[in-house]
Amino acid sequence: MLALSAKFDPDSTVGKRDALDIRTRLLISLVVTSVTLYLSSNATLAAMSALTFCYLLQTRRYAVIVAAYLLMLLMTLLSLGIIYGSSRLFMLLLPGEGMSRMMSGVLDNFHTPFLRSIPSMNVLLSIGLNFSVQGFVGTMKSVRMPRFLFIPLLVFCRFVPEFVDVIRQLRDAVRMRGFAVGFGSAILHPFQTIRLTAVPLVVRTLRMADNLSMAAEMKRVGYAKHPTQLRTLRFRHLDFAVLAFTVLVSAALCIWEAHLPKPKRMPGTRSARSSQISQPSGITK
Amino acid sequence: MITAENLSYHYPFCDAPSLADVSFTLEKGEALLVTGASGCGKSTLLRTLNGLIPNHFKGKFEGRLKVLDLEFPAPLDEVSAHVGTVLQNPEDQIMATTVQEEVALALEWQCVPQDEIRRRVGVALNSFDLARLAGRSVFNISSGERQKCVLAAVMAAGADVVVMDEPTANLSPEATEDLAKLCLTLKIHGVTLVIVDHRLYWLRGVLDRLLVLSDGKVMASIASKGGRNGQDVLDILSSLPDFATWGMRSVNVSCPALPTVGKAGSPQPAVTIRDLYFRYSKKSEWLYNGFSTSIPRGAVTAVVGANGTGKTTLARLLCGLLKPTSGEIAFVAASQADSAHPCASDSSALTPHQRRANTAFVMQQMDIQLYMRTVEEELIFSAPRRLGRAARCADVAHWLDVFGLTHLKDRHPHSLSGGEKQRLVMACALMKRPSLLILDEPTSGLDGRNMRIIARELKAYTASGGTALLITHDLELLSIVADFKLEIAHAEHPMEGVD
Amino acid sequence: MSDMSHPSSSPRSFYWDTESLVVVGLFTALSKVMSLMVALLGGGMNPFTLFLKNGIATALLVVLVARVRKFGVLALYVLVGQLISFLIAGGGMSILLPCFLLSALVSDALIAACGGYRRMGAVLAGVALYDLLGRAISLGYSLLHARENMAMVVVAGVFIALGYLGCIVIGLPCGAKFVKELRHAGIIREV
């Protein structure tokens, strides 16, 4: 039964491969989110949003993209509602001129922070839609990630789906005892809800840890300085080109941002309020 | 190949030694079974052989142990190069996300060159019939395939000795048979096997030696060479006068021939299922496609079928944890007014909530079914809210006594042994006074004594008018308790058990 | 196959043993999955969800620290958590990694100064400080992200404070209770 030799190509067993290396996607994500934090004008943020949207369209998962945008719209409206409601509540609970002045501008320039979220969402989605755990683990090995990071990250990637399944089973088990773990029970019986969910999960996790650490020890995972790999990850020309393009465009947008005239601040926004705060207290009274 | 002389081991923080003066020898290509009741020291012996003791588990290690030319205690990397280990739950042992990566993992960290890794992985995948699953996620393969994946990884790493801890605990009878064949093949190729298991029957014809442990000491050491008239070691074991006192399982088990539910002569049904349709999502295949059957009252019905046919899904549908896409699940009221397990409704389709109230479900994973600080609190928590305090306390005392847990009532449920936990979970289910009791692999990893306690109480429950549905691969349990069988086939094929 | 050669390497010892690293990985996974589940159940911006989610995460962190009991465990948890966030949240907060790391190291130092990882009081003080510093950094990030509208930052600050309240009111007591129980059950050793 035991074969003596066999030809094996591990690359032939995996499905359709991503056009870009996962390291490229991660670097793009880091550059875009960092640059977006610096940008604050509508024009530059809109340009960044448009460019990253084109990058996202390359995944060709149009239904997911539409769903993600609709969800983001919904979350934005919900957040606005909560922020507006909270500001009214603060004004009611803490009446005073300072509070009312600060909260009166709660919805001014609200679009800028949300516009800033769009490029981040685009790059995040493009990672998510192309993500493969195998690719990520391979990247960790190829960049020679230290053992103290490699093992926890490997365990994380392996056990997130496992935990989702364990939580489903736990929910079933608790329901069979006549309790429903949900939002209502969490409000009515928060400590009982935590006991019913966290105790079994923590015990299960610690038992998993015992077995898994034994397995890792026996396989000597993390003990070699330079482990070899079943599959080799390669940076291709396209990766270099896309990375270079990202850096150039980001730099151009930063320069554009620096040369744009500063918009007039509305009352209640940062510049207006900071000038008020800096005034002697006697003047504000 | 393996020589153990007066091997003793004492875990830190334990009063008694877990191994005391264990001696044995094993030649290349031989198979040794280490067995005994729960807590006898089997797993500890396995941990000394694979080097986890004293490298991973600290404590006092005495005696002489030699594997090949390696004198123990030895560094774990040197031991692991020769000794491969298969733990009880392969899912807790697999670290990679695909089959091929798992098989290659140990080789990668041994810095074996890529070409050599590919050759060995190819050999191992072909040898264990896993080549078609090479790129598959470990989440999307069956328990038996996961077990094979772990074995393939061990063999690819070049193990001369393979130690297995309860390898059949989660395997179907077919997968268990495959494992026995695999063990024989490994032996032919010179691989030495050390197997720790409660289930004995599947090793008939595989074993060369057998050790029975109790409290860390060797109670019996049997070798086939020089055995009486070439008898199998299992037959020699069963003929020993003390065999019945060691709390072990039977050496001879066969698949029981059970009548199918719904045939003429079956008792009155307790649950009827009509035109059941179910699938998890609109994109997935139908698991149940017009399925109809009935479950007889006062009997244990075994649900049998291959992995992935939806046995646990049926249990979740019956309990009201899942809603059928369409169809009807009805609980038929007992004809006797004095039944100990009254059903809340007459013969009518129940809502999922009503089904949950009338059903108890003992799941496979015990840790997620225990929540409280003491065994007693756990049982009180399981009692129906409608019962008064006095009735609850009386029930708790009764079930503690029945399951032999009275002396453990102040212990933390998670500090109990596997067998004690299983008994507690079953007691919690019976505290609910259910009309229908569903058990999913209740005896996986249990020794003979605990298995027989579970079987005895299951029989007592059905004798008092209760209805039980049993999902298990444990042929020994099936042969003791099952009255009927309900065969589940894939939905694309015709269903069995039609009324 | 049994005749295959075995390149043997000399045994190496590390500050972080494999078991501790596996526990950190598993608790990071559990914490993220549970936070996601709670958020899905009650909505991400729901004040009660925020309260509960942070409480559970803190309780798990207390158990993790009591289990691993090594200087730097908070820093390692932060490092792993931030790398994961970088993957699943697109990078944003990851640029604040040095700040988070420093706050974790300060909290680790507090635990060491208060008597070490075997003392529950020290563990609770360290986790409370870590949560406080972590939230201060989050507020700083909100300031960067929504600097055009300070009122929005104030509202975000209130939500962050609510999360911290969850850590203090639910997380720390529950964490301490779990550790006591796990020790009673023999799952976490006392010595």
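Per-chain numbering from 1; labels A, B and C assigned in written order.
Note that in this section contacts are C-beta pairs under 8 Å (C-beta built on N, C-alpha and C of every residue); 3 or more make two chains touch, one makes a residue touch a chain.
Being a predicted model, the structure only gives us computed values, none of them experimental.
Visitor: For the interfaces A-C and B-C, which has the higher count of C-beta pairs in contact?
Guide: A-C
Visitor: Where the centre means the average of the CA atoms, what chain is farthest from chain C?
Guide: That would be chain B.
Visitor: Measure off the straight-line distance from the CA centroid of chain A to the CA centroid of chain B, and report it in whole Å.
Guide: For chain A versus chain B, the centre distance works out to 39 Å.
Visitor: Just curious, how far off is chain C from chain A if you go by their C-alpha centres, in Å?
Guide: About 17 Å separates the centre of chain A from that of chain C.
Visitor: Counting in whole Å, what is the centre-to-centre distance of chain B and chain C, each centre being its mean C-alpha position?
Guide: That gives a centre separation of 35 Å.
Visitor: Multi-chain contacts only, two chains or more: what residues does chain B have there?
Guide: In chain B, the residues touching two or more other chains are 56, 76-77, 110-112, 123, 127, 155, 189, 414.
Visitor: In chain A, what residues contact two or more other chains?
Guide: Chain A, residues with two or more chain partners: 2, 154-155, 199, 201, 203, 207-208, 212-213, 216-217, 220-224.
Visitor: Listing for chain C: what residues touch at least two other chains?
Guide: Each of 1, 9, 19, 181-182, 185, 187 in chain C touches at least two other chains.
Visitor: Going by the contact rule set out above, which residues of chain A touch chain B in the complex?
Guide: 1-10, 13-15, 133-134, 137, 141, 154-155, 157-158, 161-162, 166, 169-170, 172-178, 195-196, 199-201, 203-204, 207-208, 211-224, 226-230, 232
Visitor: In their complex, what parts of chain C are in touch with chain A?
Guide: Its residues touching chain A are 1, 9, 12, 14-19, 21-30, 32-34, 37-38, 41-45, 48-49, 52, 55-56, 59-60, 63, 67, 76, 79-80, 83-84, 86-92, 94-95, 144-152, 154-155, 158, 170, 174, 178, 181-182, 185, 187-188.
Visitor: In their shared complex, at which residues does chain B touch chain A?
Guide: Its residues touching chain A are 50-52, 55-56, 76-77, 80, 84-85, 87, 89, 91-98, 100-101, 104-114, 117-119, 121-123, 125-127, 131, 134-135, 139, 153, 155, 157, 182, 185-186, 189, 316, 319, 321, 356-357, 359-361, 363, 365, 367-371, 381-382, 384-385, 414, 428.
Visitor: Across the complex, what residues on chain A touch chain C?
Guide: Residues 2, 26, 29-30, 32-34, 37, 40, 75, 78-79, 82-83, 86-87, 90, 102-110, 112-113, 116, 120-121, 123-124, 127-128, 131, 136, 147-149, 151-156, 159-160, 163-164, 167, 182-183, 186-187, 190-191, 193-194, 197-199, 201-203, 205-210, 212-213, 216-217, 220-224, 268-270, 273.
Visitor: Over in the complex, which chain B residues touch chain C? Could you list them?
Guide: 13, 56, 75-78, 81-82, 110-112, 120, 123-124, 127, 155-156, 158-160, 189-191, 373, 412-415
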